[in-house]
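Letters A, B, C and D name the chains as they come in the text, with residue numbers starting at 1 for each one.
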Amino acid sequence: MRDIGIITKLSNPQALKATAKLAKWLHKQGCKVTITKEAAKDANIAKKIASSAAQGTLAQNRDLVVVIGGDGTFIAACRSVGTTGTPLLGINMGRLGFLTEVTKDAMLTTMAEVLADRYKIEKRMLLEVTIKRKNKEILKHLVLNDTVIHKGALARMLEYQVSIDNQFVFSSRADGLIIASPTGSTAYSLSAGGPIIHPTLNTILLVPICPHTLTNRPIAVPGDGVILVTLSKESSHDQRLTLDGQTGFPLRDGDKLLIKQSKHQLRVLHAADRNYYSVLREKLRWGEQVGTQDNS
Amino acid sequence: MRDIGIITKLSNPQALKATAKLAKWLHKQGCKVTITKEAAKDANIAKKIASSAAQGTLAQNRDLVVVIGGDGTFIAACRSVGTTGTPLLGINMGRLGFLTEVTKDAMLTTMAEVLADRYKIEKRMLLEVTIKRKNKEILKHLVLNDTVIHKGALARMLEYQVSIDNQFVFSSRADGLIIASPTGSTAYSLSAGGPIIHPTLNTILLVPICPHTLTNRPIAVPGDGVILVTLSKESSHDQRLTLDGQTGFPLRDGDKLLIKQSKHQLRVLHAADRNYYSVLREKLRWGEQVGTQDNS
Amino acid sequence: MRDIGIITKLSNPQALKATAKLAKWLHKQGCKVTITKEAAKDANIAKKIASSAAQGTLAQNRDLVVVIGGDGTFIAACRSVGTTGTPLLGINMGRLGFLTEVTKDAMLTTMAEVLADRYKIEKRMLLEVTIKRKNKEILKHLVLNDTVIHKGALARMLEYQVSIDNQFVFSSRADGLIIASPTGSTAYSLSAGGPIIHPTLNTILLVPICPHTLTNRPIAVPGDGVILVTLSKESSHDQRLTLDGQTGFPLRDGDKLLIKQSKHQLRVLHAADRNYYSVLREKLRWGEQVGTQDNS
Amino acid sequence: MRDIGIITKLSNPQALKATAKLAKWLHKQGCKVTITKEAAKDANIAKKIASSAAQGTLAQNRDLVVVIGGDGTFIAACRSVGTTGTPLLGINMGRLGFLTEVTKDAMLTTMAEVLADRYKIEKRMLLEVTIKRKNKEILKHLVLNDTVIHKGALARMLEYQVSIDNQFVFSSRADGLIIASPTGSTAYSLSAGGPIIHPTLNTILLVPICPHTLTNRPIAVPGDGVILVTLSKESSHDQRLTLDGQTGFPLRDGDKLLIKQSKHQLRVLHAADRNYYSVLREKLRWGEQVGTQDNS
């Protein structure tokens, strides 16, 4: 781990400050440091400390990319990493994130551990999303969390049909459908009533959003299948695909959506003693009483 | 009940046929019958049987308006009725509706009861929705079921703040917020996880859609308050108001939404022996087992 | 407000200490103070400061009863108050309660306001629960929060039938059924998926616990009806009634349970500027993010 | 498949009749048939048609055991099969079951397919449940669906702590905790708000029942871990373990519960063209509208 990139949440002054601090520290440790062009400028980091690159290519040929920001920055960095196989390490600037588990204060001590080869690498499933229109592939995209088909603002609802490996599963009328990886189970899917899925499980989660049929419950299906979602031809003319909650794409009636596990995985770097459940506990306040009246 | 209007779901051939049948029967009973211009044409109903009027004005000065279609047609008819006070009677053409409780087959026997003054009138709360932009009222509308603020397809989420009678209630980040009358509790609100509220209760229901904060549960507030929803200025620039799921209206950041019970109520006509709970049972299949494995 | 009783959570040393402090302060203000016999002993409070009485009769002829403890102590105090009409004021010793809204630190300043006649009295619905066995009344009890019918540990499930004012509502197979007042909506009912109901609403909430039929959703019914729950004769021989989560009672197959609003109400004393929603916000952490991954 | 056992729901006359019919038919096809002693007597089946055995040993050395009854009979048969490896085939006598997928009418045609070697065998995870009291193992049991720790009728709630592979996961206060296999995800777990998990997934599902902390959501954890549930010493003295919803066992404070995947699996025999999702669709009425008002 000597050639390290940094991707920064530019709109956050603390992230810029932390980027400068980390770049200097890494440089001092003898590492080669690469930051984004925008961070170089905004954080005023000298070229002798860190070279700069476009965010889209920064991850190529790096040993590690450190993400300084929040979970949204991590997701964006994941797009930059793409299929390069470069591992990511997330440092949050405010509250602990599901993806950015290292606090600002622990940044340098954690990095010292990493440079001393004390860390573990966890592989996270990526979903490959393909849109087919009239049998023609018009988009292919990798997501870490989820892809969502959602009715547009003008539409009353979405009508779609799901099949897996050519086996019909169900048709539904709903506001939308979330197709999530285990990593995505704690993102949008959780808001829509989905369960928490441990990130190492080989499964894909289907969670309908506000389904008309009340028994249309979240379902976890085998991770090796090919999921096909077909939009009803009689559906509204106003629907949209979202990729990791950040990129949108308009859909048309009759569009087909293919989702399967990518052969590529995201490599996430963690502290050697990191515990997945402690992140859950802190994010969801499991230790505290967030709830009902206590009669005792 | 001698001067009777009929509002018809034009796209449904059965509804047109039933309209012709009912118009003739009512004419034979000596009633004055008024149908919509479109129904007159599409169902080929002679002028001597029924006069015709625009749907928007048909309800004025009628003793009763019969709706032939589904719940969507009933909602549309409710808009026509507006503040005239004319009662509505709903006849469904397919499956039983929450609002159209009379089946096609029971149409004439039910109408015979009505003409013989054997019926009951139930009053349903209407919500008055006002949009204020920069302190200027830009829209005022009555709804029977609900009004929904929803993030647009391009937006990540909606940020809003709710207060009631100038008392701050909560702020939330979510896909949207449903403000429903008791009648609306079995419509969209139910899909979003809201409870069933008996239609006679004096309450307004607030149901967040996919809230980020998992403890943001549905809440029923007093029906006499004025609910103010303010869209965050830092929110997305892509959000929308829906009125009874049929009419949409684009919202801007900082728009204020005022919701309160209207002084007008919808008068709904029911068979004398009608039971609210039997409709629920049939719609939600409470009698049957729609659910989990039975170990017995 | 010169004749004031205090009911104390005896197992909490802080509550005993606060009781002594409050008794002395009230005595100094010229009030007549009555505490429970146990508190007098455990907190070592002199007879010249406060007389003592059994908890069951302490509320009789008092101007006010102050509850020092948690929500469970408040519920127990509510039983002591019974139908006397004496108002209650709750002071929590640890975390804010839904019923004990005044913090330990604010105890004396709040009491000073009360003695100066600056307060408001809120009336809370009480439910009257009657058990009938073979047409004979075998128990009658008032509850503030809820009454719950629950299958016993040995039973597979409970089978019951609900009717309201002699109108059949539904039959269900479930772990149990919660019948809650609006006050109880933030207690056990919330854990079972029920909505929050503003305490001033005239409604009773029916919330099935783990129903086999997934569409058996919580329902809020008119507060003036008489709810009859009949246990199926074919049901298990192992079921139980709970009253406010504190008192239990074994039920037999065929037992009938009648629940209606009592003519008595609980009078709860609040600070003049008290806001119901701020309690909700704090208890449910609505201000904070207790939830899903944030992509921004 | 020549040596076939039959396990029958004795309380169901149709099941007894079907047992006689199947025994005769199998005997005619040249199979060796074994039925339970009770079925032999109740269905009056001659010894030359079928030998009889105790239900507990009937599955030993059989090629196949056919279950005639409902899902509860299947679960009971699963206990008889134990670790013998004998596959099960379920025939329901009334409504389609999650486990008994073959209808009464399709019994003989399905069996003809089976005898002609046209079928598939699906392996289902079994959970091994061990109770330790003061470091001593006091019970070991296999379950197909789930094991549930539940507060007793007298208790207010259960307090427990979960760890997996010696890693602390969470502590909770709730009515109980369901630990379910994927097969069990459509049983009790579904009633308690759990997701549907495809039966081939290698995961164990933890679903709290009515948790006080509202963010305590269902979680699917890796199927290879050892789950340890420890009952709080300060908990109630009234709690119980249930095994597959049929067997109960009283627990004491401080008891430890170990749950892990058994090395044994249940082998379930299906028709060659069987589709898991079609069972879900039929059981949960996904094709129909079981839900909200439709505005169209």
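The rule is short, and it goes like this: contacts are C-beta pairs under 8 Å (C-beta built on N, C-alpha and C of every residue); 3 or more make two chains touch, one makes a residue touch a chain.
Just so we're clear, the structure is a prediction, and the values are computed from it rather than from any experiment.
The chain pair A-C and the chain pair C-D differ in C-beta contact count, and the higher one is A-C. With centres computed as the average of Cα coordinates, no chain lies farther from chain D than B. In whole angstrom, the spacing between the mean C-alpha positions of chain B and chain C is 36. The geometric centre of chain A is 44 Å away from that of chain C, both derived from CA atoms.
Centres computed as Cα averages put chain C at a distance of 39 Å from chain D.
Shared interface positions of chain B, defined as residues touching 2 or more other chains, are 156, 188, 190-191, 211-212, 214-215, 217, 245-246, 284-285, 289-292, 294-296.
Viewed as a network of touching protein chains, the structure reduces to a complete graph with every chain in contact with every other. Residues of chain C touching chain B in their complex: 156, 164, 167-173, 190, 194-198, 200-203, 205, 211-222, 275, 277-278, 280-281, 284-292, 294-296. Partner chain A is touched in their complex by these residues of chain B: 150, 152-154, 156, 174-175, 188, 190-193, 209-212, 214-215, 238-240, 242, 245-246, 248, 250, 284, 290-291.
Only residues 70-72, 75, 95, 97-99, 145, 186-191, 214-215, 217, 244-246, 283-285, 289-296 of chain D touch chain B when the two sit together in their complex.
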